[in-house]
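Letters A, B and C mark the chains as written, and numbering starts fresh at 1 in each.
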Amino acid sequence: MCLAVPGRVLDIEERDGTRMATVDFGGVVKEVCLEYLPDLRVGEYAIVHVGFALQRLDEESARQTLELFAELGLLQEEFGDPWEAAAADAAGSEPVEEVHNQ
Amino acid sequence: MKYIDEFQDPELARRLLDDIHATVTRPWALMEVCGGQTHSIIRHGIDQLLPDKVELIHGPGCPVCVTPLEVIDKALEIASRPEVIFCSFGDMLRVPGTGRDLFQVRGEGGDVRVVYSPLDALRIAQQNPDREVVFFGIGFETTAPPNAMTVHQARKLGIQNFSMLVSHVRVPPAIEAIMSSPSCRVQGFLAAGHVCSVMGMGEYPELAERFRVPIVVTGFEPLDILEGVRRTVRQLERGEHTVDNAYARAVRAEGNPAARAMLEDVFEVTDRAWRGIGVIPQSGWRLAPKYRAYDAEHRFSVEGIRTQEPAECRSGEVLQGLLKPHECEAFGTLCTPRTPLGATMVSSEGACAAYYLYRRLDMPATKAQEATPVV
Amino acid sequence: MSDTTDLPVPALDVEAWTCPAPLRDRPRVVMGHGGGGVLSAELVQQIFAPAFGGEVLAQMGDAAVLSLGGARLAFSTDSYVVRPLFFPGGSIGDLAVNGTVNDLAMSGARAAYLSCGFILEEGVGLDVVTRVSEALGAAARTACVEVATGDTKVVEAGHGDGIYINTAGIGLVPAGVDLRPERVVPGDVVIVSGAIGVHGVAVMSVREGLEFGVEIKSDCAALGGLVDAMLAVTPDLHVLRDPTRGGLAASLNEIAQASGTGVVIRERDVPVPPAVANACAILGLDPMYIANEGKLVAFVPREHADAVLAAMRAHPLGADSVIIGEAVEAHPGMVVARTGLGGTRVVDLPIGEQLPRIC
């Protein structure tokens, strides 16, 4: 249900009163409707589904996730679970039994 | 492609797999409710690489597969009319209705066109003012905002010759229905990442609590899926049942507010029949009364539809995770991607098609041989 | 219609996508019969072969290899119905030459002469016919093949989609060359001559409903010279195929089934240009099933593999050649891929899943 692909905004224009963007998907360029992401700027990334940008891609979050994957297994013995450690840092205390965002 | 390639890294996949292998001590049954995730799992061989104790049950996450037979038959009827240009996503063209599919309607002279985006269908309506353009608006919550915007645009621009045949489905009621079934074996869910990009995560804590199942919002690349499994297994091993976001780069807790506002405006919740499963209350969206003029069901009175599913088709049991595709008697013989009995064999992430296309090697030899087509 | 730009861009056509229903269920021709996959094969098996008979036809090779007056000839025909007529990197004229030249090359033959039949739609601009003819002529000169004879017919407006072309070609097969899938044995090495999916994506990028901007030009090219370079290493190659409709997956499956061997390929070794991979990602397509018009796949005896690969890489059309797998004894008739993660999946015959999808 969810074939949505990340792309980078090249330029933005109004067409028929609709906010449209030219988006670059790694060398493939397509027109995309930007109405659902009114704050998205040129140079930023979004996931695109059937010609619509649906959510901004968070660079920092992606980087952190990959870093944590890389640390898997290495930190385990010394420092315990890297996710719990990061969550504890973020929350300022022990992880809480609610929605985690990592 | 950025944000794709990094999340396919085999070395990182290995580490995630090692962690899962090290964590699991008991058998667990997890379900993913997204056709795109099913496709990714099978296509990359993730299910083969997970420990035997972790079972992945493929849920009804393929909107193509669950679109009710009656709606398909209505689509076929409308598409057959000479004044109609019928536009659809490619996925729907080969889904069998009662006795035929959209491809066949095309062969018989119907003007059936594949489009990438619903906006393309609107453009076709503007370019063909003397024809009636109908768009087949199916999908989960990910596709609903594009379809909603298109209807909204049609109304705003005063385009008269456009309408949409709507059959949207929602994930949370499906999870509820699955977990309420007495034969349910599911102990944890991988929630659909892009659905949550739109809707946020607010509908899931109540389900996690009521049924005591961990629900982990999961992406689509191999590392995303492995991480979703890893976090779900970890919760299960610890006896936890919370909602967790393993796809943070594309999912915020509140989802996309602009999209949700449009959905509120254009659609209203309705009961919906899921092909192979039955009616799940409040599990679908239809056009709100304000947009009735753009509702194809309203515009084209489609009478006398008598639906008939092939008796041998057990796709409903497959969709609920009660039957593995190759356990069905018709699998690979009567029912193949070329001659599908039900929708799960048509769509490439329907479980039956996925098993047929990618997994024949793992099946008992006789089943695999029957299933291999001879050219 | 006076200019290509005025030609109506047709609604999405399904050149590489087959309709799934079997022939026996319906009495009419459907688009899938031209798809090059399972339905096309049925048409040949159920209607044409019984009607024509003949031993040569029964071999079902891409080109027929004939004995005539002491010479071994390869003889092949192909029809070109592509839309649009002009696409990035080529035109129907280039395809009409290179397609047939390549069919002959897959039998080891250097195409010597072509015939060329045009079916023109009433009302097509003569400037369009000129452009196509000039492209065809240029392609023939590049391929060192001569158009020796031809024919022209005109059909009423509304029947021809502009221009259809049929070409047939003949060439001599060198002594000692016997290229057929039946020659494949477990242990043979599978080599592909370069990046896949290029032609299909180039054509898709200009089709209505899917337009996207991409720096991909069709790889349409004549492969006779590349094949000569390979045969110069050894005439004892086992089989060559040009993966056109249905892509690499179709060719590998046809060879596996005809030879009765299994085929294993390693996904990470199959070369796919990033723009092709990304275009496929957007549409939900698999590059393995996308058409190529200037590539070949070869099954080579293991002892010659390195030398043949080197010869291919030394040729301009084979510079990116790479070994992607081998023929094996296991799972006869089936093509299996080792995924990037180390799992396995069957690579099936294309049967219509190549429609753009949203899931």
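Heads up, the rule we're going with is that a residue touches a chain if its C-beta (ideal position, glycine included) is under 8 Å from a C-beta of that chain, and two chains touch if they have at least 3 such contacts.
A quick note: this is a predicted structure, and the numbers were derived from the prediction, not measured.
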| item | value |
| --- | --- |
| Most central chain, judged by mean C-alpha position against the global CA mean | B |
| More contacts between chains, A-C or B-C | B-C |
| Where subunit A and subunit B are represented by their mean Cα positions, the distance between them in whole Å | 22 |
| Separation of subunit B from subunit C, taking each centre as the mean of its C-alpha atoms, in whole Å | 34 |
| Mean-CA-position distance for subunit C and subunit A (Å) | 40 |
| Shared interface positions of subunit B, touching two or more other chains | 1, 4, 35-36, 62-63, 89, 116, 120, 139, 143 |
| Touching two or more other chains - residue numbers and ranges from subunit A | 1-3, 5, 25-26, 49-50 |
| Set of subunit C residues in contact with two or more other chains | 274, 277-278, 281-282, 284, 357-359 |
| In the complex with subunit A, residue positions of subunit B that touch it | 1-4, 6-7, 12, 15-16, 18-19, 34-37, 61-63, 89, 116-120, 139-140, 142-143, 145-146, 149, 153, 156-157, 192-195, 197-198, 201, 205, 220, 223, 227, 240, 242-246, 248-253, 255-256, 258-259, 262 |
| Residues of subunit A defined as touching subunit B within the complex | 1-6, 8, 16-18, 25-26, 33, 35-38, 45, 47, 49-52, 54-55, 57-59, 61-62, 65-66, 69-70, 72-73, 97-102 |
| For the subunit C and subunit B complex, residues of the former touching the latter | 11-12, 19-22, 26, 28, 30-32, 38, 41, 209-210, 253-254, 257, 274, 277-278, 281-284, 331, 333-334, 336, 339-346, 348-349, 351-353, 355-359 |
| Subunit A-touching residues of subunit C, taken from the complex the two chains share | 212-215, 274-275, 277-279, 281-282, 284, 357-359 |
| Partner subunit C, residues of subunit B touching it in the complex | 1, 4, 8, 10, 13, 35-36, 39, 42-49, 62-64, 89-91, 93-94, 101, 103-104, 106-108, 111, 113-116, 120, 139, 143, 222, 337-340, 346-349, 353, 356-361, 368, 372-375 |
